[in-house]
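In the two complexes that follow, chain A is the common piece, with chain B as its partner first and chain C second.
After this line comes the complex of A and B, so read on.
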């Protein structure tokens, strides 16, 4: 014999809307669906030239998406060449700058009395506009090499380095010093020398902070590379091509380079996220 | 006497001053080296007193202005637009964060794109914005506001989300209306985050405004900068602009710090 168990619900019956809202799989799905809806609406508005009438512009300055895509396909060799140039600048600047910033942070953490003021001076560097720095380093690197392409690359890398070093220095210092009080006491109880405390406690503690810094400085390094290309001696890089093509009134080509710049940013961020999930595995 | 010196040495600003002095010393050493080896040392690294002299001298660099006057008058033009764009961006960013807090659907819809904007090199868009708006002044304001918009929006939203559940529960017990929850709990909690966003945004707005200047010869710091670099006027104007924009970048984040201090009384108590 089978018994049907009937549970009587207490209280008001939930509306359909509420039930949908509390459904777990709908919640997961909606994080994808809503952005997709928004994106599709924007693409539709762009393709149907509604955006153009809002901004009082025409398809010449704001070309349709399929045209931009077509041009990207047509000039993909030149796109690749300029992308490599920009990415090289951003990458080396990011690498050298982050290492430098981290070393400075370690130095300040070891000698806090001398270093703290230095850190605030470095922080000031972060608020110096890129446009003020780029031409200075252009002039400084005139003797580095007889090859204009190489020396303007060096000057661009220096600018990116400074921006990234400031960011990394400030964040890594927080990571090296903002430690749980008990763990510092524990090291003292163990009578651990400063060197060991640094190696076993401070450095591991700073890893998440390093990624906080990178989340800011990866997009910043690409942006800085693009802006310093504007002032560089040698005409290369995605940013410079945007400008050169605008001057020639070839807006569709310029848009192709803008799309490339966005792609570089997105890909770099995805790489960073993957790296972060690998490195921070044991923190979760 | 010894104790007095020791007390000064232990002041927090002391090591900053030492570092600034070290930087100045390095600069001067570099300048001496450069002036002995280069044909036109003032292009690469002039002595600091030469720059100061150029700032104070009464000699005219343009038709009727001395170097300092020229820099300050175009700085007024550039900085005014940068500030206008900055305020616009900050207000829109704050409203956006509020809207996203009010409605979950809007947050889900827009947040991924907010992250995306951060990855797009907006300064690369400067020439195209100029082409679309057609007016250099409008595009200055637009670029500066786009750049200040996203740090403010993301940081403020993080601030809204940082409110603990206990506070909501307390407000629920008080039977507080949503208006009061926002004005008494959420907005004050988000304020420090909002100011962090502003501090990130301010130097970017200045950079953007100067950069847009260089695109078209219509006055402003960037325009003056490229003229001076091409030796259309004294090269010292260039050095003055470098120092001036660095100074502006630093002082603006200081000013925002002071405003934050002024509007958040709980900070003063600590």
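After this line comes the complex of A and C, so read on.
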């Protein structure tokens, strides 16, 4: 009897704080409440010019948020036009690069002796800074078309392609080769030909790794598109507009494009997360 | 029990030698001569490192012998493997996470090119047999270890193989689940009349399940004794309480050379 009483008392000792902490829906909610609170504090510090005093700057170089917002409204047509340009580069580079990287990974997984070196070469390529690559490809693509806009686009897409191909190649290769112990023996027992093992074991096994790669390469494709715009022949894209406006000391307009770049990144990442939750449903 | 039966598997002076990291030869298995009858339940029993898994893998053509040979139904292991006459249950349930339990059971049939309807019917039948009918649509990670291993067994039976090779299939399971699966396995074996080779390091398990226990001893791995298990069939768990069961366990334990087992 005495024990029961004691146990009850211990049970009651759970503080409100503990109970809130252990609450499942609070846990879910808190994952986005904290970032939100942090974001609101930052906005407050920015708008009240606290940030300006911390970083010894002024509202000309770091315009207030309402001003940036106002400009975004004013030039929304130009923003959209440049956004489309940047998104096109990022999207096509991401698509072609990821496909290329995956195909290379499959090739290396099938012919490890021939391919291993190729994977290292790609890895090395990806570590070349975009600022170094972009001018090279500008030069390289100068005979592709008489349309400066088009050949500029091709040059930028190539840079994004290379970055994404390296990321996908390295991750997909792991997905194709890091398989559960005994799975290969299992396929051998049923005398499965190599292509069946590839199709039924290696490819499905690589799907989560594809998303690991995309989580890096989706933001990277946008960043690369933006940076390669700096060096492109034809003046277009969010990144190029940031540069053009900073050169002209139009900081508020530059910040409007910076905010747009952030938005593109956030939206692309959300799309990726939704895709992932659909595709990886059965992988638990 | 002892009617004249045909020999299903025959090993002649079978040996497997590995090379260790320093390039020295290590004999995993030497001079194994063994005859296994059709429909027989054989336990391969021994401590770690006695070559029992190596012996099983050599028979399944997952491991090339370095001396001697294996004949199965008058063919080489490779020919038998290519004819898909083996079922293999591994130590771990090798289920693919992205497939439902039923789709996992269908995998060998997909490789064999069975039609969709045939696959589905057969998989249902197998899942019913191992008591997983209600879990057909679950994914492997939603199942307990025991259920996963049962799905593994259902898959191995799916192609109706002549020979079932089981490599310590229940060693990772708790005692209650294990006993349940022992009874299930004997029931399925009786119904299907397969030849089963069952690797284990547990003496009671080997004695309870098999017709004959092949005792292997380590350093080097070799076949040191074969003990006939003349317990009546069908067997239930109560047989473990009998004096004769314990005599057989003692007899098996006494036949190890160099090194004792649990």
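Following the convention adopted for this analysis, the second predicted complex is superposed on the first by the 252 of 284 C-alpha atoms of A that agree within 3 Å, B and C clash if a C-alpha of one lies under 4 Å from a C-alpha of the other, contacts with A are read in each partner's own complex, and residues count from 1 in each chain.
Note that in this section contacts are C-beta pairs under 8 Å (C-beta built on N, C-alpha and C of every residue); 3 or more make two chains touch, one makes a residue touch a chain.
Computed from a prediction, not measured in an experiment: that's the story for all the values here.
Steric overlap between chain B and chain C is absent once the structures are superposed on chain A; the two fit side by side.
Of the two partner chains, chain C is the only one that A:191 touches; chain B does not reach it. Touched residues of chain A, counted separately for chain B and chain C, are more numerous for B.
By the touch criterion defined above, A:88 reaches neither chain B nor chain C. Contacts of A:207 after superposition on the shared chain: chain C is touched, whereas chain B is not.
In the superposed pair of complexes, A:177 makes contact with neither chain B nor chain C. Of the two partner chains placed by superposition, only chain B is touched by A:131; chain C is not.
In the superposed model, chain B and chain C sit 90 degrees apart as seen from the Cα centre of chain A, a figure rounded to the nearest 10. Per the superposed model, the minimal spacing between any CA atom of chain B and any CA atom of chain C is 13 Å.
Residue overlap on chain A between its contacts with chain B in one complex and with chain C in the other: absent. Across the complex, chain C meets chain A through its residues 60-62, 81-82, 84, 86-88, 90-92, 94, 96-100, 107-108, 110-112, 139, 141-142, 159. Residue ranges of chain A in contact with chain B, taken from their complex: 30-31, 34-35, 37-39, 55, 57, 61-62, 113-118, 120-121, 124, 126-133, 135-136, 139-140, 142, 219, 222-223, 226-227, 230, 238-239, 242-243, 246, 251, 254-255, 257-258, 261-262, 265-266, 268-269.
Listed in rising order, the residues of chain B touching chain A in the complex are 12-20, 23, 43-45, 105, 108-113, 116, 118-125, 127-128, 130-132, 202-203, 206-207, 210-211, 214-215, 222, 225, 229, 238, 241-242, 245-246, 248-250, 252-253.
Of all residues in chain A, those touching chain C in their complex are 180-183, 185-192, 196, 200-201, 204-205, 207, 282-284.
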